[in-house]
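Take a look at these structures.
Two complexes follow with chain A in common, the first pairing it with chain B and the second with chain C.
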Partner chain A sequence: MNKIVLIDCSSEVTSALAELLGEQCSLSNISSEDRIVPEENRMIVLEADASPDAIYLKISRIRAACKFKDIPIIVIKRREDRIPLEHFLSSGATEVLSLDAPPGACRQILRGHLIPNRKPLEKEMAYLVPFIENTVQVLKTTASLEVAFREVYFSNTFRIFGDISGIIGLSGESEGTVAVTLYWRLARNIIARMMNVQEERINAEYIHDGVGELINVISGSTKKRFKGTPFHFELSLPTVVVGSGHQLGHPEGSSIAVLIFDVDDSAFVLQVCLKPKKHLI
Partner chain B sequence: MSEKIILLINRDSAFLAHTAETLRLAGYRTHTAMDMRGALSVLSSERTGLIICDKTLQDVSGYDLLNFIKKDPLRDCIPFMFLVSAKEQGHALKAFEMGALDFLVYPLAPELLVERVDEVFETTRKSDPPVAHPPVAEPPVTEPPAPVHPHDNGSTDEATVVAVRRVDISRDGVIWLPGKVGKFRGSTLFVETALFGKPGVTLMMRFQLDDGIFVLNGHIKDIRYDDFQKPAWIEMVVREDEAWHRIHRYLQDNTGMPSAEPAQTPDDTFLLHPGALEKTAFRTGPMESVEVRDPSYDQRFYHSLIGKQLDNYRAITLIGSGSMGGVMQGWDVALEREVALKVISYELSSKEKFREMFIKEARVVSRLNHLNIAQIYYIGTSNDIFYYAMEFVDGKTLKELIDQESRLNVLKGLEYLITVCEALYYVHQNSIVHRDIKPANIMINTAGLIKVVDFGVAKTSDSKTKGEKSMIIGSPLYMSPEQIAGLTLDYRSDIYSLGATFYHALTGSPPFEADDYKDIMAQHIARPLPPMKEKNPRIPTPLAAIIEKMMAKDPFDRYKDCQTIANELKSLQTRILKRLRQSSEEKAG
Partner chain C sequence: MLILVVDDSMVARNILKNVLEPMGHEVIEASNGREALKILEKLAKEVGCVLLDWNMPVMNGFETLQAIRSDKDCGHILILMVSTESEDEFIERAIAAGANGYLAKPFSAEELKAKMADILKAAKPR
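For the complex of A and B:
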């Protein structure tokens, strides 16, 4: 039974969802004032009301509380609502559906999101394990931080939710992209430790250079592990992006592994998209 | 950077003297140093606007100095130019990674040196020291800021507001991030982007216009971020090259806004009501549905399945989609092999009639076992999602080949056509009609083997229920006249579509073209076929005659089966090869 929590949803939305999802789901409607534990639910549904800004804020908060866990956040818009999807998606929503959308389409989309994430294939773990080990090692040596790998899932979106990302392109025997995404507080903490600077002194320049350096070091150290294998790659220049919901241009036809790491009560992710040119993956 | 003071660092005193003089004449004050200690001494006492440093100094390497400067919060914003010899340009990359703004290759012409230095001062004039805002939440920037420096370059021109245009922005041409152009002035563009750059950083900006993709090169002149967590507005100065002239025209005209959704192309597969053609423009809604379907729902549905597992099949990535469904690269966890997963569109899969028909036909097609046919392995439903797993073909479609090469070489085309004819003969022998033969459904795998794919709309020729209206299924560019008319189809319809496919492959253009699908279909029914040799004179007359016969309007005027076509083609192939052999022997002799 899939647990779905509806936050501040009207009776119209509640009954529409109950009809769409049938008996395989248990729906509970709560207020945004109530305490929400995102990981206890398979899906979170919000209704877009008259105040879009309040909804954007709610979505951002819930997304941050998910600590990068892949919990679908669905926004249901009212029939006459013409607010563009992009704002909801940028705030952290997984999907935006409208009450006047074809029910068949909504049903399939919701069911698609309810299917549990697949486990990585053995051949995928062959290139993910070096990234996991090196990320843990790099944070330990450069920032004296104990990092624990939590889980991996494969993303069905090109979006990254978080405050800041360092991205680096890979080319050579394999091509792809690696990106590290952090929330602001952890980014400042890591960069301060890496650069041996007090957190209060961290400014835009430090953040740009620090996050760029972090992804550079993680990718650079992992690159060595792939020498002589079909996964070997060269690195491009790191790019740093800010803001939640930015999109990454991964190579077409490649899968995007999202590796989640825990650091104390916080978390960050490494997105790895690596595709050998020789056909292996 | 208010002071035009340059610090030159090099081991060679003659180089220092010569370069300092060149810069002095250009109006710059210079200080020189031969080692890191001397350089730091200058930096502690002079307000330096630019450092130009060699790769190797007397005491340390230039990288050490660069590293030191970039870690010094008081001096890390001083632009740093690296000097490298022509044969060591590769070292510049490392310097860039460490924060150098630019590099100079020596020997360097004096005028070029001055020009590059001018550029640096011009670029960074307004940003010294860079203002680092504390990361506190501020209202998001929703409008391009007013011209940040309206008097730059002595110009008093106001920036011109343009309708927001989406672009891609990249530092390295590998990773492209979205951005929006909001204004421009001269060769300066104001762009909103999440890319977190620094003044002086070089950028590429990619525009997709109707007549092609144009990439502008430039650098960040200024950057504004009121809130780190929101996209910044950057002022990008672009190089005034051919691409810029085109983009500038576009911005001035302010036309050609991109459409929100790509339109369906005539080589997509359509499902239509019989009789709908006369009444309305073509709709993509199948069967009794008359509402226009929003294709984005299908796309969103397919995307929701990536990273999930349907029964024994893991969905890895979306390969493509059409009006019938989406195709994903998948992995069979039980048999440990790659598969292609076709997920049927929500609209079709919700029609009970379609599902019944589909399952029945798929069962028959799954029995096909031929080297040149992509096999169906499994058909099923998981979480009420309707899909089938088929052989995964790693390679290119004939459509991609045509797009790449414009048209196929005659001998290659002949070989492909023979193979497809033999595969289709086998299909027809099993009483199956493919119904959607087109370049996108013929694949060539990495070993060069042809595979006919996507039997998703295939039909057994004896399966039609009496009195049941048949759906019009197919791709307008390659549909047979009887298919367009909604008549009962047999293998001769596939022969027509195969002829149209290879007409396209060998001439580089489809048999009939028009802006409206309705016109294309009308031409299939009534207009005589334009002779192939008019489009490609190199096509041998007998080959053109075979394809033209395959495309006869009346099914009875076409070949009686695909094997007969294959035999005629083989005989032609032998004659052509023999003639080529003789010709090469004569040349050699």
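For the complex of A and C:
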């Protein structure tokens, strides 16, 4: 049974969703996003009302509370309007649907979002485990931070929402990209710890530079573990992308492993996209 | 000792600086090899040690190492490579080209202090 939570939805939207999703879903309607525990739900639904700014804010808060877990956030419009979809999507929504649209199409889209992400095969874990172990080790050594690996899944569709990403291109025996994505507050904390200074001294320039150095060290130290294997790679220089709702591109046709790590009450994500030139998997 | 820290990451330079200065060293910085060589043109006699990253834009650490070692005015300078490139072949290449030591990232403050002590100790009898 898929648990779906509706936040402050009208009876019209609630009954329409119940019909669209069928008996395999259990729907509950709550009055405020403050009461939501995102990870307990398979989908979160909001209704777009007359005040889109309030909805954008709600979506951003829910997306942050999901701590990088791929929980679809669906915005339902009772009827088509002229509010651009982009604002909903860049706030963290997965999909915007209108009840004016054909029910068959809406049903198919909603059910598509309920398909769970693929978990890695054992042979895929062979190249993911070194990244997991080295990420934990790098943060322990450089920032004295205890980091716990939470979960990994493959997704080619989920957009990772964070404030800043460090990305590094890989080439050689294997090709691809590795990226770390964090929210600003955790990034500032990590960089301050790496530099052994108070957080107040860490400005945007340090965070920007430090996130690049972080992905550089994670990738570089992991590279050694692949020596003599088809997963070995050479590093490019890191680049950094900043901005809420930013999106990263990965090489076409490749699978992206999303690795989630917890640090106290916060979380960050490592995206690993690694494809050996010799086809192994 | 006057130490020249060469790394394209400002944060990486600061990490090194925040360990070296409390040890009593004075630190100057360059963000790539070419900048480092320009500094050494003027301050070769004063600089006692260079900490050198490997992967940098403009001029990488290995090219910089080779350039410093081919300059007779820099013969006294100790060179510690500090890099994410931690595979044996990188270390062997650097040592063969004249590096006095190699420290792989990530490292703790204690590991940096120990490595500095090692290369300073090894340099003393010369």
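Here, the second predicted complex is superposed on the first by the 276 of 281 C-alpha atoms of A that agree within 3 Å, B and C clash if a C-alpha of one lies under 4 Å from a C-alpha of the other, contacts with A are read in each partner's own complex, and residues count from 1 in each chain.
Here is the rule we use: a contact is a pair of C-beta atoms (placed from the backbone, for glycine too) under 8 Å apart; a residue touches a chain by one contact, two chains touch by 3 or more.
Computed from a predicted model, the values in this text were never measured in an experiment.
K.L.:
After the match on chain A, would you call chain B and chain C a fit or a clash?
P.N.:
Aligned on chain A, chain B and chain C clash with each other.
K.L.:
Name the contact category of A:Val241: first (chain B only), second (chain C only), both, or neither.
P.N.:
First partner only.
K.L.:
Touch check for A:Lys227: first (chain B), second (chain C), both, or neither?
P.N.:
Touch status of A:Lys227: second partner only.
K.L.:
One more residue to check, A:Glu205. First (chain B), second (chain C), both or neither?
P.N.:
Both partners, chain B and chain C.
K.L.:
Who does A:Gly112 touch here: chain B (first), chain C (second), both, or neither?
P.N.:
first
K.L.:
Return first, second, both or neither, reflecting whether A:Ser255 touches chain B, chain C, both chains, or no partner chain.
P.N.:
Touch status of A:Ser255: first partner only.
K.L.:
Between chain B and chain C, whom does A:Val138 touch in the aligned arrangement: first, second, both, or neither?
P.N.:
After superposing on A, A:Val138 lies in contact with chain C but is clear of chain B.
K.L.:
After superposition on the shared chain, which partner residues are touched by A:Gly104: those of chain B (first), chain C (second), both, or neither?
P.N.:
A:Gly104 contacts chain B only, not chain C.
K.L.:
Looking at the overlay, what does A:Val75 touch: chain B (first), chain C (second), both, or neither?
P.N.:
After superposing on A, A:Val75 lies clear of both chain B and chain C.
K.L.:
Check the residue A:Asn216 against both partner chains and state whether it touches chain B (first), chain C (second), both, or neither.
P.N.:
Touch partners of A:Asn216: chain B and chain C.
K.L.:
Take the contacts of chain A with chain B and those with chain C, and give the residues found in both.
P.N.:
Residues 195, 197, 205-206, 209, 216, 237 of chain A touch both chain B and chain C.
K.L.:
If we count contacts the way the header does, which residues on chain A are in touch with chain B in the complex?
P.N.:
Chain A reaches chain B through residues 95, 101-102, 104-105, 107-109, 111-118, 121, 153-157, 163-164, 167-169, 171, 177, 184, 188, 195, 197, 201, 203-209, 216, 236-244, 246-249, 253-255, 279.
K.L.:
Which positions of chain A touch chain C when the two form their complex?
P.N.:
Counting only chain A, the residues touching chain C are 137-138, 141-142, 191, 194-197, 205-206, 209-210, 212-213, 216-217, 219-221, 223-224, 227, 235, 237.
K.L.:
So in the complex, the part of chain C that touches chain A is made up of which residues?
P.N.:
Listed in rising order, the residues of chain C that touch chain A are 8-12, 14-15, 18, 55-57, 83-87, 104-109.
K.L.:
Across the complex, what residues on chain B touch chain A?
P.N.:
70-71, 73, 76-77, 96-97, 99, 130, 132-135, 168, 170-172, 174-178, 194-198, 225, 228-232, 293-294, 297-298, 300-301, 303-310, 314-317, 319, 329, 331, 346-347, 349-350, 382-385, 394, 446
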